[in-house]
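What follows is a group of structures, each given as structure tokens.
The following pair of complexes shares a single chain, chain A, combined with chain B in the former and chain C in the latter.
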Partner chain A sequence: MEILVQQLFNGLTIGSVYSLVALGLTLVYGILHIPNFAHGALYMLGGYITLSMMTLYGVNYWMAMFVSIIVVGLLGVLLERFVFRLLREAPPLHDKIAAIGILLFLEAFAQFVWGADFHTMTSPYGQVVNILGLTFTLQRLLIIVSAIAVMVLLYLFLKKTYAGSTIIAMSQSREGASLVGININKVAMLTFMISGGLAAIASSLASPINLVFPGMGHLVILKAFVIIILGGMGSIPGAIVGGYILGFSESLGATYISNDYKDIIAFILLVIILTVKPTGLFAKGER
Partner chain B sequence: MRILTKRNGIIALIIFAFSFPYIAQNDYYLHMLTLSFIWAIAVYGINLLSGYTGYLSLAHAGFFAIGAYSLGLLTVKAEMNFWLALICACLITCAIGFLIGLIALRTKEHFFAIYTLCVGYIIYLVIDKWEGLTEGVRGLIGIPAPGNIGPITFDTAASQYYLVLIFLLAVILIMYRIIRSLTGRTYMAIRNSEDLAQTIGISTMKNKLTAFVLSTFFAGLAGALYASFIRFIGPDIGSTAIMFDLLMYLLVGGIGTLSGPLVGTLLLVILSQNLQFLQEYRMLIFGPLLTVIIIFYPRGIAGAFYDWQRKRKDNELSGVRGELHIKAEEG
Partner chain C sequence: MLKLTDVAVNYGSFTAINHVNIEVAEGEIVVLLGANGAGKSTTFRSISGISKLSKGEIHFQGIPIGGRAPDKNVREGIVQCAEGRKLFPQMTVQENLRMGAYVHRKKKAEIKDSLEYVYHLFPILKEKHHDEAGSLSGGQQQMLAIGRALMSKPKLLMLDEPSVGLAPLIVEQMFQVIEEINREGITILLAEQNANAALSIADKGYVFENGEIVVQGTASELLANDEVRKAYIGA
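Our next item is the complex of A and B:
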């Protein structure tokens, strides 16, 4: 029983991280219909920037995370402006390949600057807490709380502010949005900014319990794709729910099925879903 | 009589390829060229599916690995005859490709790319973790070189080069025949608009599946040749890094062109051999290159060359027309 509760808690932790990554991915997909394969590299870069801010400049954890959000967000804006905007009229194949090119570059770049070694990030919240016979580190609790706070903020931003509603408008219909005078280019850049920022938050939160290395984005991005297919491409609640579903099934699968094969669970899940329903669960009535 | 026709050019290239071992008395170049021919065969497989049929598959490194491991396991553990094992390896890859294609091809566009990316990852993880069968990360050692056919042996670098070259030429010939045939036209129709293709009575699923299985066949064949050439294989040959390499060869050479895969593979393999000091960081150059090429030259080097040729021909034609016009006025 105790193991079960402990694993549920772990699932909640990784689920929070997955949800944040998937949210960024689904936002971009909803607006521009690009499966951004480079999102995992943004996630990785976010972790590195937070880490080097902390180790090189001795900035505190939150400040480092803030810098990381800004830098990665701006990088997202650059990608939109100089790569994806030029490909807007191109066949969908081209976006994917361009994204893969960016992914390869960013990974090589990280390896060039920071080396191929594994780094550990020490968080100021390493204390072990004991609540009702359950032990966990404060960092894990922090991940859950911050992730939920970010999600609530994002929800408020999208629903209550003008800028947020332009994003929603554009995801509903690009033509319609530009007819009512929304500047599509600005909205696209804003979306990429938010998407990059979310990736940076996710990796800064997750790095203290994982490791920082050039390939850290691989599995995460693949799983984020599984999540947004699970939750419907472009759907925001879908990304959150999907993230937690995957988090729980992984942590339970690792305990009760096999630790070796826990990474495969997500992919098996995806293969099953797409086998049964080729357009993904909860797909909006496209085409 | 023009000597510089396309046909003569191709004949000259083939003669050059066959005489290469005599020109370059250097095993290192032979080794490199053989290896790039093997990659090129796999890239032709991806090209058939992604270039002509319009489905971007990211699982082909996986099929390459399946071909390689099938051959390795059949020759090392089952001690089968090499040639029989080669045929079996291709058949096994096709069979797995058929099953995966049956499901994967129900999805479209982005879903297909993501689905195949995940399938590729599953193949990699299975090879990596199933130690009882594949020896896991230790890899498979001692794969025999191709067996003799009568008096012909394959124990020198030159003979292996010829073997792979013949396979490559066969693959190119098959590709040429396919894309010039109605089948090839059908694939392109599916690429250009699947709905339209269906409207004019093309069974899209059947054709897509044939293209998928054929392309896995090429990947499997390349994998099997790779295993017997390098004689050692590890799970890394199925990783996404290899997949992205293959994709890059295809893109730089020219996706959806016949010569693209060969041009791209040769160019990039030779380039990365010469930039060996960059090995780890070569993606610093190749990554942006890939992005720039897809933005400005979406059909790669071969595509850019075709466009240039067509433009020149158009100019010549309009020039001739202009002269005729002037003459007519004078006369």
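Our next item is the complex of A and C:
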């Protein structure tokens, strides 16, 4: 019983990170229909920037994370403006090729600047706490609380502000958005900024319990794709629920099946869910 | 108010419209007639800025607007209600209407007034204001599309086939509402296949065939024109 609760808590932790990454991916997919393979590289950069700010400039963890969000968010804007916008009229394959190109470039760039070594990020919240028989580091609790806070803020932004609802509007009908006077280009840039920012938050939160290295985004982005496929491409609730489903099944699978097969669980889950419900869990009714 | 001079639009190597000359005076209802694919929708898209002109010029209130971004045109009062409605299907009726007022988003009181006005024109929308747009019937969706367009306070409202696929009774209502909107001082450009109903409320009309205007005249002239009667009214 204790192990179960402990593993559920761990599932909640990794699920939170997955959800944040998948949210950024699904937002971009929802409005631009681009599968942004470079999203994992943005995640990786976010980790490096936070780490560098802390080690090189001695900035505190939160400030470093803030800088990271801004930098990666702006990088997202640049990608939209100078890569994906120019490809909007091109065949859809070109977006995918461009995204893979960006991914390779950013990874090589990180390796060039920071080297191929693994780095650890020491968070100020490394204390071990013990609540109701559960033992965990404060950082893990922080991941869960921050991720949920970010999701709530994102939800309020999308639902309650005009700027946010333009993103929803564009995802439901791009031409309709144009017709009511929404500037499609601005919405696209805003979406990429939020997406980049979410990636930076996710990696800054997760890095203290993982490691920072050029390939840190690989598995995360693959899983994020699994999440948005099983949650329904472009669906926001799908990305959140999918992230937690994956987090729980991984941590429970690692304990009760085998730790070695932990990473394969995501893909088995994908096969099962797509067999039962080929459109994904939260697929939109009409396209 | 609106003037198209020798406008042409190409989609790749295909010429969708060519040599289009249209003039609309303030307060008029002008109807564009023609079969599917004759060029009515492309004309609308060129005016609203969604399709780029390959030739010609468009003036709105004396200012050239050819090639201007669609969102700028909406802000200046050129609003299109597209064929196929282009609603936000998973948003509620009220959210759709609020999005319609996007260009006036800072003016809360104005939005509320516009909302009241739209609900007054289409009471059914008020009744269903919590329902998702995608769950409405065809006629209600068309009303919502017109309502959403009105929310941006247009000077020129372009309606692309508002009667298509609707029951005769609803069509009649629709045309009454269009007249009512026009009486409020909004100039209307209407694309229709239902020539009889459209010409009965219009001041003048243009007939499209294969991307060009083949006949034009006042509504009564067109109604009396044998070819128009044969082709579009079936009499």
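Annotations for the structure displayed:
Throughout what follows, the second predicted complex is superposed on the first by the 277 of 287 C-alpha atoms of A that agree within 3 Å, B and C clash if a C-alpha of one lies under 4 Å from a C-alpha of the other, contacts with A are read in each partner's own complex, and residues count from 1 in each chain.
We take it that contacts are C-beta pairs under 8 Å (C-beta built on N, C-alpha and C of every residue); 3 or more make two chains touch, one makes a residue touch a chain.
What you see is a predicted model, and the numbers here were worked out from it, not measured in a lab.
Legend: residue contacts after superposition of the two complexes on their common chain; A:222 is shown touching chain B, with no touch to chain C.
In the superposition on chain A, contact of A:90 is made with chain B only, not with chain C. Of the two partner chains, chain C is the only one touched by A:168; chain B is not.
In the superposed model, A:179 lies in contact with chain C only, and not with chain B. Residue contacts after overlaying the shared chain place A:210 against neither chain B nor chain C. Touch counts on chain A: comparing chain C and chain B, the chain ahead is B.
In the superposed pair of complexes, A:255 makes contact with neither chain B nor chain C.
Judged by the document's definition of touching, no chain A residue lies at the interface with chain B and also at the interface with chain C.
For chain B in complex with chain A, the touching residues are 50, 54, 56, 103-104, 106-111, 113-115, 117-119, 121-122, 125-126, 129, 240, 244, 247-248, 251, 255, 280-284, 286-291, 294-295, 298.
Interface residues of chain C facing chain A in the complex, by the touch rule stated above, are 48, 50, 69-71, 73-75, 79-82, 85-91, 95, 98-100, 102-103, 105, 134, 148-149, 151-152. On chain A, the positions that touch chain B within their shared complex are 29, 33, 35, 83, 86-87, 90, 92-94, 96-98, 100-109, 111-112, 116, 218, 222, 225-226, 229, 233, 260-261, 263-264, 267-268, 270-271, 274-275, 278-280. The part of chain A that touches chain C in the complex is made up of residues 162, 165-166, 168-169, 172-173, 175-184, 284-286.
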